[in-house]
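Paired with subunit B in one complex and with subunit C in the other, subunit A is shared by the two complexes that follow.
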Partner chain A sequence: MRAASTILRKDLTLELRTLEVVPAMVLFSVATFVIFHFALNRAAIAGQLAAGILIGTLLFASMLAVNRLFVAEREQGGFDGFLLAPVDRTALLVAKALALLIFLVVLEVIAVPAFALLLLGPSIGPPLGGLVVLLLLADIALAVIGTLVSAIAIHTRARDLIAPIIGLPLLIPALIATARGAGPLLATHGSGFPQGKWLAILALYDLVFALLSYAVFDYLLED
Partner chain B sequence: MGPAPTTNGRRLRVLTLATVAMIGAALALTFFYAPLDADQGFIQKIFYLHVPLAIVSLCGFVLGGILAIAHLRTGDRKWDLRSYVAIHMALIFGVGGLLTGAIWAKASWGHWWVWSDPTLVSFLIVVLLYATYQPLRFSIEDYERQARYASVFAIVAGAFVPLNFIAVRLAQGLVHPRILTLTGGNLPGSMRLTFTVSLIGIALLYATLCRVELAAKSSRIRLRRLRRELLGEDAVRPLGRSAAPS
Partner chain C sequence: MEQGLPAIELRGLARHFGERTALQQVSVRLGAGATLAVLGRNGAGKSTLLRILATLLRPHAGEITMLGEPLPRRAFAVRSKIGLLGHEPLLYRDLTGRENLRYHADLHRVPHERVEELLDAVQMRDRAEDPVRTLSRGMVQRLAVCRAVLHRPEVLLLDEPRASLDPGAEELIEPLIGRPAQATRVLTSHDPKAALAEADLVLALKGGRPAFVTEPAHVTDAQLKELYA
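Coming up: the complex of A and B.
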């Protein structure tokens, strides 16, 4: 665990000093909201349409972070250093997934209010609690699958292409659950909390992929 | 193959003959024995091709994942070859399943594609995911690493197949009334028999094609090794980049 927290601290420090990934994701998301405003020619949206645009945008924005997640390790020999160190290899998975999770939470803290301000018709206040729970569960899925896919893609020649084409289909079930769960929340006079089944799917998805990643991650490092 | 076929060759021949017999029987049953569907008429007969293709392809994907586990556990490259062949064939069958599904949808629902059928939609997602298997392999040059990463992909994707079906099924409020519920409750006996024979026929076809591809790939690898041993390093051309294990 100490190894994991060290790597996590390294990643967060790196991000704080370079401000590379999170600002890019935020700008990407805001630009996408503006694009949707013009593409749909609508000043305000609600319900399933709003949920779809919000979740879809966050999903695509997360791909930027997924692409960058292991770049420093790859380019500056971090993998070799890590493999030489006498620590459990799972530490790298845990640290990277947590880093990605934190990036996503920071992104959403900025992008969701921006979405509410720019596009959302109904007030974001009442459904906020339910939305936070839903997005947190979705973020775990994004972080776990994103880390796994990023680790697979980092050693390929076309890594920027490979990560999204594998990651997006893998994330479709999580997207379904999040978007369908958020749809009623963002409707005019919407309900306050997402349906239990969507939370259950997301939780199941998080659990299965966390266990799977834990099981296979070692094989992505062996060299 | 020499004058005395090897055990492998003989087994392949038996398997091939069984496949031909089963597919022949399935076609005969489909066209002459199974009754016409009351609602859909003749087009419903594509059911005997479409559903077995889809089922066999999904089983093939999962099989590829199981073989990949064997590869990671033992480190033996032959399991990677098997996993590759299982997924490769399953993908071909899967595309066949999608095409026949689209034809059926057009004929019976009037559209080439319907989003209301959860099975069709989940199947599309699975095929989309597995379509990235070959590009992934192709973009890793080191053979050993390619095999390892492909196995990781195969395991993750194999686990994804059932999960995806659960998620998509839950997302559809209304499940389209289908004749292909496999509980068999609403399938008349003659249709069920035809369907079972078709399923076995397609499964045998899958097994045969996998065996043939496996035999071709492993004899190419053996030939290469023999050439290198007998004629030296210069006699073998350097391997090009390839998505297939070699």
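Coming up: the complex of A and C.
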């Protein structure tokens, strides 16, 4: 895991220096909330509608990061540099998934309060703990599947199209579980914690795709 | 490695890209510490051969043994012993030279002191904190040489290693990738005369097939003229 931490540190340094990914995700999310604010012509929303808009927006914003995840490796020889090193290739999967996870968490730290301010009727305070747990499990699914899809897409000419075309269908079950779990949390007088079944579905989804990614990632790096 | 075994041995190597044949029936044996010059026109298959030897590409036919290990099956065992200097510097443009070298040093488990030693050797310490995108092509090439030799590889794969370098810089990198490095070397060059001067064996490629494999002293001007015609 030493190699994974080396790659992760490099990716975070590159993002801090170039600010290519996270600001774009944040701007996309906030702009989408503003669009919904005016398009719905409602002062406030709650419940399943609020959950759907929040989770859908975060999902689409995450595609911006997925599209950029391996660009430096592809365009600046990072793949070759990594493949020449005597390290387990899974280190690249782990590092990229963790980088994507960190980008998503930073996005949500800004986007969720912005959502509460621009669209959400009920207070975000009471359900915040449950929402954090739910979003964290969803983020793991996004990070693992996003990394897998990005590694596939980067070898194609139309990588900006391939990532959402493959990634979004794969993420539908995670989207459903997250949105259905978040709906009651964001309702007026809603519950404080999501139902266990949605958390279980998300955790199982995370586990299955983490194992699948581990099994196939090596082959995605082959010429 | 056992005494007497070649450092690199290729038997009937072939590689295709779709319908196009990049390499066909390439066979050569290179002793430890020797230098193989690979000559040929642009697109003859020189870079493909180097990428296969670097374990970045899989051959489609034939056998490769490097440092006693069959490739690509035992690629993991030889990666730490190979240094590749290709057309691309394999450096991140938005990281500094020092950050790039430390990144590769960490991947190869090489102490950071080695990075400083190499920056001194190529006289890049003054510009080591500048992002790579702000450096000249020659400076980037000097850093790329440092990256390729960070882990003191036994085999050096050098694709036009002196491209973009002025004579002073060529002198600086000579101890790192030239004969003094005492590594087994496979090199390509746009200057066949210069390549012959530092080779122990010559492999000439034409359309991906070997035109001749011989000692440099046996290569005639007529052969070179035909090779590049």
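Keep in mind that, in the parts below, the second predicted complex is superposed on the first by the 223 of 223 C-alpha atoms of A that agree within 3 Å, B and C clash if a C-alpha of one lies under 4 Å from a C-alpha of the other, contacts with A are read in each partner's own complex, and residues count from 1 in each chain.
The rule is short, and it goes like this: a residue touches a chain if its C-beta (ideal position, glycine included) is under 8 Å from a C-beta of that chain, and two chains touch if they have at least 3 such contacts.
These numbers come from a predicted model, not from an experiment.
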item: First, second, both or neither for A:T18, with subunit B first and subunit C second; value: second
item: Touching partner for A:K10 - first (subunit B), second (subunit C), both, neither; value: second
item: Touching partner for A:E222 - first (subunit B), second (subunit C), both, neither; value: both
item: Which of subunit B and subunit C A:R2 touches, first, second, both or neither; value: second
item: Partner chain in contact with A:L170 - subunit B first, subunit C second, else both or neither; value: first
item: Contacts of A:V208 with subunit B and subunit C, given as first, second, both or neither; value: first
item: First, second, both or neither for A:K197, with subunit B first and subunit C second; value: first
item: Interface residues of subunit A shared between complexes with subunit B and subunit C; value: 222-223
item: For the subunit A and subunit C complex, residues of the former touching the latter; value: 2-3, 6-7, 10, 13-14, 17-18, 72, 76-78, 80-87, 222-223
item: In the complex with subunit A, residue positions of subunit C that touch it; value: 54-58, 76, 79-80, 82, 84, 86, 88-95, 99, 103-104, 106-109, 131, 147
item: Subunit B-touching residues of subunit A, taken from the complex the two chains share; value: 148, 152, 155-159, 161-162, 165-166, 169-170, 172-173, 176-177, 180, 197, 201, 204-205, 208-209, 212-213, 215-216, 219-220, 222-223
item: Complex contact set, residues of subunit B against subunit A; value: 72, 125, 128-129, 132, 135-136, 139-141, 145, 148-149, 151-153, 155-157, 159-160, 163-164, 166-168, 170-171
